[in-house]
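The following pair of complexes shares a single chain, chain A, combined with chain B in the former and chain C in the latter.
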Partner chain A sequence: MSRRLTWALLGLVLVVALAVGSRGPSGPVTEDQRARRITSIVRCPTCRGLSVAQSDAPSAEAIRDEVRRRVGAGETDAQIKAYLVSRYSEDILLQPKTAGAGLVVWALPVVGGAAAVGGLVVVLRRRRLRPGAKVSDDDQALVDAALGR
Partner chain B sequence: MTDPSAPTETPDVLPPVVAGLRRSRKALWIAVAVAVPVALLVLALANGQPAATRAVKSPLLGKPAPAAEGTTVDGTPASLAGLKGKWVVVNFFATWCVPCRQEHPELVRFSESHQAAGDATVLGVVYSDNAQAVQEFRAKEGGAWSMLTDPKGRIALDYGVAGVPESFLVSPDGLVVAKLLGGVRASDLDQLLYRAKGGQ
Partner chain C sequence: MSAVLGTAAVALGLAAAVLGMATLAIGLRKGNPGMLRAGQRYVWLILAGALLATASMQYALLSHDFSLKYVADNGSRSTPLLYTVTTMWSALEGSILLWSLVLSGYIALMVRHFRARATDPIVAWASLVAFGVAAFFFGLMAGPANPFRVVSGVIPLDGPGPNPLLQNHPLVAFHPPMLYLGYVGFTIPFAFALAALITGRLGEGWLVETRRWTLFAWGFLTVGIVLGAWWSYEVLGWGGYWAWDPVENASFLPWLTATAYVHSVMVQERRAMLRVWNLSLLVATFSLTILGTFLTRSGVLDSVHAFTESPIGPAILGFFALVVTVSIALIGWRGDTLRSPGSIDAPISREGAFLANNVAFAAFAFVVLLGTVFPLLVEAVNGDQLSVGAPYFNRMTAPIGFTLLFLMAVAPALPWRKAAAETLHHRLVWPAWAGTLTVVACVVAGLRGLGPLIAFGLAAFAGAAALRQLGLSVRAARRSGQPAWRALFGRSNGGMVVHIGVVILAVGFAASSSYGHRAQFRLSPGQSARLAGHSVTYLGTTTADLGNKKRTSAQVRVDGGKVYEPALNLFQFGSQAIGSPSVHTGPFSDVYLTLVVPPDADGVAVIGVNVQPLVAWLWTGGGVMGFGTFLAAWPGRRRRRPFVPEADAAPEVASGEATPVAAAASS
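Presenting the complex of A and B:
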């Protein structure tokens, strides 16, 4: 198998794995699962570093009830998040914003990944282009003697 | 014969009893040095005046105030809509919250000073507390304004309350003019009201 084919196969496996991984669980999602998914990315207003799904604080309980009620009423995830943001501001969401300074947080891993792949390609190319090491006559004689040549 | 006036030298190794006494005296001084400032801090926090009223940003500013209606701690119905035409300080309160207890006399003062003019009032909302505790507190400390119960925290959620005390100044036409974090002072509320009415 040629080296190029190996790299192409490796790339294909990576793309498929990323696609499958980013799709998340398949199949129909229950209302309870939806509510849990939303509350897991909403910050508990009265506690530090906990999501509403993780906290037992009264404010977190109130948000959980409200999210469940809105999910039951047929609102979309975006509508429910928009309601919470309209009350508490963007800070209520544990995910960074996809605009302004928040965009840096999303872009940084992509830029970092691209830089790492680029660096790897450059290093591998340089290694391939490097001329082979020269062996001294003494060393060559030693190798020949050991191999019985 | 030894000279009694000669300075006595401290022995290199102290007897165990003396060393123990010195250690326990040192520990006592450290304990006092830690305990006194802590006790003073606790006293200051428990009895101090509320800090200056702090107005903060909120997505609700300039928007219609969320509905606040239900049953008061006395069992009578009340609502924010029923107070339309007046400036209303919607105050989220709990008896277990020390800053809420500290700001209460300020709210009483504010409410009483505007009672005759009828231009402004207070609407309380109980935050994660029981009606009986609030009733007992008000019987002792005063406060004649309506105090809504909020059993499921829906009103607090609609106002984006993250803790108590928090207050919102609502204009006579029902718009949120200010969000106040922490304890409020009557004089600061008056100043805020003056500015909101168009004064400078």
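Presenting the complex of A and C:
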């Protein structure tokens, strides 16, 4: 088989497998799944750093019950989160909102990452050899010896 | 007596460090070889100070000398022997003492290792810098973090013992020392980096000399972090091992920059490029260990690890600022000489992959640092409180992790300078199929979710690539008449073993965080429950008085076999009950049991059950990574001391060409 064909086949198999594999279980999202999704981004008030979904603490248990009740009553995710923020405070949510100060923590890595990748491309494109500082003979000898050249 | 001896020992260490620095400085200024030698000999006094201080502290702890404030605050008569010993690193002051001990040990090894070249200015400057760091830590113990302060007023008859979480599992005896061996070990390459900047000898010589020091520090840090995750899994009782807690992040940050460094340093050795970048990575790694100490020890962050609060914060922050300022100034000053002579010929090459690897690691470190300090910054600026927790870190770092796995698969197959399509096809085609077919197999087996599937596929790709490299090395070794095991030693082979460790760890991480099940069951004695294919049967509860704690343990039979005992501990001086999980560990899944609520009047207890797949792979992967580091640091045939005389080195160089490494690289 030709090289190109091999890789095309490989890509096709991979894409199909991932497409099948990324489909979640069929049917609408159950209440239980919604409750779990919400509680996984809510901080357990008494344990710091753990989500309500992860913790066995009584305070986490209480929030779990409350979220489950509200999901059952038909509230949206946003309404439930808003309730929790009003009941506790902004820092009850384990990920900051994408607005105000919180936007910075989301946007900065994206902007920085884009800049870094851009910089990398620039560096890689600059292929010509630059006449620069010379390595001292002593150091070169050490490197050569170490690298077994 | 311990107080007097300990205080004297700290004073000895501090004085020796300062005098050593002064002697070296004068010796360097005057070009006096005698003074340079004499200056470095002060290290033995520093080491003596650290050893004596540690001995005094241990004696005080073991003899329950409650006249010492540290012992009165953290020791107790009822604490078992092991945890009395580990009490030394259960709180701030003792941790600084452990740090100083490890640091003194490292500096002593460094001075001994380079004793034949003690009069070389680069060695002398490195010693001076290292002594400076030692002086800072002894200074902390002489001032704000004095472990030998005595109790004012009445001497108590007993103490509360260490934090209950720190006397619940024997891993506490291994995790902190390992972590410190890693953290502190980066002082040596940092000292050489500064010495190279100061002396202007910025060629590749200093890198080669500190290569193995860096590898050892990296290996210890890796093992230390994994042991910390294991400790957290076995002790904290929430069923996880990594919560992106600030303390975990503080240990992870220098690991990220150090990992970037151990890769990019190869580009510098090979192609004489990235000099400023590599120096910056070393400085960043060392600075981040100091920043981590500040974050975790000053009480500035609230976290499960922040056991201590102390006025030590400003001192550490000041030292951090000093390190960063001096380093940046030196790099700026030497900017011209740092200009690299080499350049990259083609993006699809080994050095191109290393560059991409470095961008990814730098981005990773940036995200972790930003997320860790962001709540602090926001609070400082406008008083708002917000949390940046696991959901943020998982979402932001997952793409970077995938990128790194991909690079790990591709990079070892890329030749230096330039890659031909033919070569790439030949080297990558079967690892790529291994990855693809793994994804297919997982999907067929019923696993769902894009994230874990990508992780498994990339892990198989990278694992196959690493195995291919090792296979080639073994074949080359056989051909040249060497035993096959020789093909595992040396930097590139050891590095591939480390990669396999990373693959195992990544699979464990992806599986356990994606396919876990948790539930709580209210059970009467004799009743059973099922979760994710495992059965748990609650048998009953017993209570025991263990001196330092009262323990209520539930007996739970897992899968009709062994009985496990999750427990709740009430410590003598603690108000809150501390849970002790009990874990049924298997090669493919763990059953993690906690006693959530002890039995009520009707005998009904609440048992927490957490079933997670492949958790044991995390610890295995960490072990393989440590082992691989050891193999990589092992002096290979073709690696010699850089300063052996030419005549001795020449024949070895010739034989070195035929080693497995060289053969594999040219295949």
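Please note the rule applied: the second predicted complex is superposed on the first by the 100 of 149 C-alpha atoms of A that agree within 3 Å, B and C clash if a C-alpha of one lies under 4 Å from a C-alpha of the other, contacts with A are read in each partner's own complex, and residues count from 1 in each chain.
We take it that a residue touches a chain if its C-beta (ideal position, glycine included) is under 8 Å from a C-beta of that chain, and two chains touch if they have at least 3 such contacts.
Not measured: the values here are computed from a predicted model.
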{"item": "Partner chain(s) touched by A:D139 [first = chain B, second = chain C, both, neither]", "value": "second"}
{"item": "First (chain B), second (chain C), both or neither touched by A:L124", "value": "second"}
{"item": "First, second, both or neither for A:G113, with chain B first and chain C second", "value": "second"}
{"item": "Chain B versus chain C as contact partner of A:G49, first or second or both or neither", "value": "second"}
{"item": "Chain B versus chain C as contact partner of A:A62, first or second or both or neither", "value": "first"}
{"item": "Touched partner set for A:V13, first chain B, second chain C, both or neither", "value": "second"}
{"item": "Partner chain(s) touched by A:L93 [first = chain B, second = chain C, both, neither]", "value": "second"}
{"item": "Partner, of chain C and chain B, that touches more residues belonging to chain A", "value": "C"}
{"item": "Touched partner set for A:G74, first chain B, second chain C, both or neither", "value": "neither"}
{"item": "Residues of chain A at both interfaces, chain B in one complex, chain C in the other", "value": "89, 92"}
{"item": "Parts of chain B lying in touch with chain A, wherever the complex brings them together", "value": "57-60, 66, 127-128, 152-154, 156-163"}
{"item": "In the complex with chain B, residue positions of chain A that touch it", "value": "45-46, 58-59, 61-63, 65-66, 85-89, 92"}
{"item": "For the chain C and chain A complex, residues of the former touching the latter", "value": "201, 203-205, 208-209, 211, 237-240, 243-245, 269-270, 272, 302-304, 336-347, 352, 355-356, 359, 362-363, 366-367, 370-371, 374-375, 378, 381-382, 384-392, 395-396, 421-422, 425, 429, 432-433, 435-437, 439-440, 442-443, 447-450, 453-454, 457, 520, 579, 594, 596, 608, 638-640, 642-644, 646, 649, 652-653, 656-657, 659, 662"}
{"item": "Interfacial residue positions of chain A with respect to chain C in the complex", "value": "3, 6-7, 10, 13-14, 17-18, 20-25, 40-41, 43, 47-51, 54-56, 89-96, 101-102, 104-105, 108-109, 112-113, 116-117, 119-120, 123-136, 138-143, 145-149"}
